[in-house]
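Structures follow.
Below, chain A partners chain B and then partners chain C, in two separate complexes.
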Partner chain A sequence: MTAETDKHIPPVGRVSLRGLSESETGLAVVVFIVLALLPMFVSGYPIYILPQYMLFGMMAMSLGLLWGFVGILSFGQAGFFALGAYTMGLAMQSDWGVNPAYIGMLLSIIAGGILAAVTGYFLFSAGVRATYFVLVTLALSIMVEQIAVSQSEITGGWNGMFIDRMTLTFGGLGEISLFDDAPAYYAVLPVVVLTYALLRWLTSAKFGKVLAGIRENEDRLTALGYSVSLYKTFAFALSGAIACLAGALYGTHANFVAPSLGGVLFSTEVVVWVAIGGRNSLLGALLGGILVATLSNYLSTITPEYWQLVLGLIFIVVIVFFTGGIAGAVGKLPQLWQPRR
Partner chain B sequence: METAISVVVDATLITLVLALAAFGLAIIYGLVGVINMGHGAFLTLGAYLTWAATTAGIPFVLAVVVATIGVGIVGLILEHLIIRHFYDKPFDTLLLTWAFFLVMTEVIKIVFGTDFRNVANPLPGAIDLGAVKIPAYRGVIALVALALIGGTALVFYRTTLGIKIRALIQNREVASLLGLDIARMYKLVFAIGACTAGMAGGLISPMLSVDPYIGNVFLVRSFFVVIVGGVGQLLGGTLVGSFFIGGSETLFALFSKQVFAQSVVFLLAIVILRFRPAGILRQR
Partner chain C sequence: MTVLLETKDLSKKFAGLVANQDIRFRLEAGSIRCVIGPNGAGKTTFISMISGHLSPTEGRIIYKDQDVTDLSVISRARIGIARKFQTPTVFDNLTAYQNIELAVMGTSCPRPKRRGRIFEVLDLIRLSDLWDRPVRFLSHGQRQWLEVGLLIAIEAELLLLDEPTAGMTAEETASTARLVQMLSREFKLSVIIIEHDINFIRDLRAPVTVLHLGRVLLEGSFDEVAANDQVREVYLGHETG
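And now, the complex of A and B:
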């Protein structure tokens, strides 16, 4: 232990991560510029499907925040995602006098935030173990699926629910329908970029340092007077709200939500994306979500079973040998050129 | 009165089937501390091996033996290749066993296909208890579950092996200082847990249609059985936990849909986990 650990604010952890986070910002800007320019060169199916994968990436970031920065793993992110999609679907069916899509987005953020906050506080305040938390979130996503199946009068049961594409309205200034794929693309992208920016800002601010402190040494943070359970609850609530908003946008983009969207399999697919992309990096999580989902879609049409098998094996290799995933492996590259001390 | 009796009988049967399904997990989680997310895959594999063996013309009882040994071997390979390096990192074993579940499920899909399979019921009749009739096979399974748990109790408290295992749980370091081969004991316990799960999968297979995700139904319920009953409380814990999860599900299902009842039970289990993390039998 160095003297550094005695400072009031605990260290972020490995020094290499700090270098990584600087190069990450540059890389993130490049990625977002590429994504912003893409519709000018490509059209058709990729532009239709990419926003959905970006929303998967947004859900992956919500997990990256929890797993990489607080050290809590949730197997229930898809449960929040599905909750968001259903919330959006129900909001779109009702007439509030205001643009129902805005209501749907707002309600999904509130619903996801509250569900996560209540569950989180209930468990964290009792100091429930991280492994039990995984099981509870797994149960949570099963419950979302089961409730979606059993309350068929509201949710459509197994048949799922159809949701219209949303329309952006600007008061009296006019409106933009997101029915076409290009406007929908440019509506989703800024939300993803903003989410990324918000999370980057939060994790590099003092809040993020406290979270990292909790991950590294929970007891010490408690001893320093931090209310660990409140910090964890807030992180989980934020994560739930983000996943839920992503789900709401996904629902209106895909025009459809079915119970399996909240199920165990999808929930754990998110875990695989984040593990492969890199749990310590938000960009890694985002790209993990986008790239693995793209690959899955492409390879599933060719060889569905073997691809899932390979994905499972990659997951094992990542956990055993590359804990930091691709982002972690890339982040270590610059060290090879630096002289060793 | 008749509904009351049939509810009690139903609850008892479900409790014992659940105890059977959860027992392999209780062994692995309770004794070597591995949060085995691959438990569902063990059950599924057991069911498929039983199906494959009966389809090949092997009698049902022998088919279950094949499933027991087959899943035991798979568990042994898993332990030897991966799990044994991670015993002191419970969180990593959680992820790795989950990865095992993903891989195993795909292997099952590739080898056996994704269609529903049916294992013929070896005892189609019903037992008449006067007020209620129970399916003969379910009744036998309940007895098998009791025998299995009772037999394990016997091994646990009446044999040298049991003493060694208990020593292992109580204090690993001291047990190893006294000359106990920890690595071998862990391997043995893990394999026994896998065998039990494989057997449970095989025995349950005639009651459900077998598909690659059959074990999923039992995974979370098994975990709640183990946690509610108390981790490490192999015998009483498994029975009490199963009774709580299975029994309350039967009760709630009287008033609502089966799937909804399961959600309510999960909610109850989460509340118990919050206030009694060591199980309902033990004070904190």
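And now, the complex of A and C:
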């Protein structure tokens, strides 16, 4: 390569998507270290409840992948979450010969992936776009809730279903019960970290670049020869599988699943978490899930009547002033320190 | 010269309205063709059928001796038929580099060579200095060129350009003509261009096909077409007053 053409070639790694990007990885490492060290300084209720909020954050990331990277909004994430919890509950009641919790996790990934892949395939290959997709996912959420209510012999109906805490087994090498909160905490955290790492890797690879192309201009991408509907179907299937796995772990952690877990109300909450956290950033979505759920919990204890109103106000303020959510606002901070051109 | 594209009695009707009627069209490999005609002549309908965005009511489209009439937009793009839309259709919030990268990623270009290839294309369309600029900040003309760059980057062999100089300055228009000539001469690309800009068509020195009311009125050199009374009446008459 000659020096003449060399001068154009920028250093590798500078090309990045907007928002937090390179700095996000560093920040994520800090967040995960803090979460990993937390049980050494705190005990009791926070260590009991945080894994559930981390799983909410995992579900939020599954939505962030769709909404932020592909530009399609799903109001059905809670449907997948509840499907996962019920799958885990049913798996735990059966005798498999191997650890039923592992079977439950595996089945929930498969169930969520297949439900989303089939729904997505028919919708996307028929050219269904934004608004109609939202409506179908909304219906998906309602269906999961209704089936959970109506099939009461299997699901327990309105009474819900009790699920035991899982036990980690390592072949003949021993086992760890997750009955206590600290072991349960340390079992959930790695799953959330791995999910984050997987999604970060995927979204920065070719797959993620194509998804960004879909978000920016679907027609252009199709006219360049990309099978847009296949990419969207795969993204939705991945998102469904992740939400479902999060739900399976939630079910065994909370010991209980009821139909409302799959309902529209909860699905809407997920959208609020991601909007507040920042839909263009996976870490934003994750923290949105954890922090807003924590805040909701806190607000509901100090003002049981008005906490939803307060949350609604926060939501409106974020949407009006920071369209990219908190992650978007943080991502713009460095620009404020640079001299204006 | 070998024939790259041929349409056999291509027709398109929209609920009673005849947009294209029995169009017989041949394009040699590596050549440029301008398609002109007044508004409503059926120019965009014609290239939409070639790109696969519309399917013809009747007739066949033959590309490289293969009947492509029933192929999807995606399949046609993969065998080298690529289209530039009337308004610049690019990935607005991505940088110029990322735009071209998306196109190059779809080709067989091996990963280590991608970077070089992307800058090769950016050099061609004169955007290498603006490589890291989100393309929503580029000028209208630059965005038009970027879209042409996307087609070059997917290694298209037949470029369908729908009004590539719309909204350009006279200077930009002239350099667009040079770009298209260079693509045909040096890269052996074939180009079908829909245009209204008479200066651009003259600069190209390419054969012209005149469409009128969905039919081919005349084919010939720019001078022949410009001298034709019928053409002056339906089209050029409006332009030259």
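Observations on the structure shown:
Basically, the second predicted complex is superposed on the first by the 320 of 341 C-alpha atoms of A that agree within 3 Å, B and C clash if a C-alpha of one lies under 4 Å from a C-alpha of the other, contacts with A are read in each partner's own complex, and residues count from 1 in each chain.
Assume a contact is a pair of C-beta atoms (placed from the backbone, for glycine too) under 8 Å apart; a residue touches a chain by one contact, two chains touch by 3 or more.
In this text the structure is predicted, and so the values were computed from the model without any measurement.
Shared-chain residue A:138: touches chain B; no touch with chain C.
When the shared chain is aligned, chain B comes close enough to touch A:309, but chain C does not. In the superposed model, A:123 lies in contact with chain B only, and not with chain C. Contacts of A:225 after superposition: chain C is touched, whereas chain B is not reached. In the superposition on chain A, A:213 makes contact with chain C only, while chain B stays out of contact range. In the superposed pair of complexes, A:298 makes contact with neither chain B nor chain C. In the superposed three-chain model, the partner touching more residues of chain A is B, compared with the other of chain B and chain C. The interface of chain A with chain B does not overlap its interface with chain C at any residue.
Chain A makes touch with chain B in their complex at residues 73, 122-123, 126, 128-132, 134-136, 138-139, 142-143, 146-147, 149-151, 264, 268, 271-272, 275, 305-306, 308-309, 311-313, 315-316, 319-320. Residues 35, 82, 85, 90-92, 94-96, 98-100, 102-103, 106-107, 109-110, 216, 220, 223-224, 227, 256-257, 259-260, 262-263, 266-267, 269-270, 273-275, 277 of chain B touch chain A in their complex. Chain C contributes residues 51, 53, 73-74, 77-78, 82-83, 85, 89-95, 97-98, 101-103, 105-106, 115-116, 119, 122-123, 128-129, 131-132, 134, 147, 150, 154 to its touches with chain A in the complex. Here chain A touches chain C in the complex through residues 1, 5, 8-10, 12, 14-15, 17-18, 206, 209-210, 212-213, 216-217, 219-227, going by the rule given at the top.
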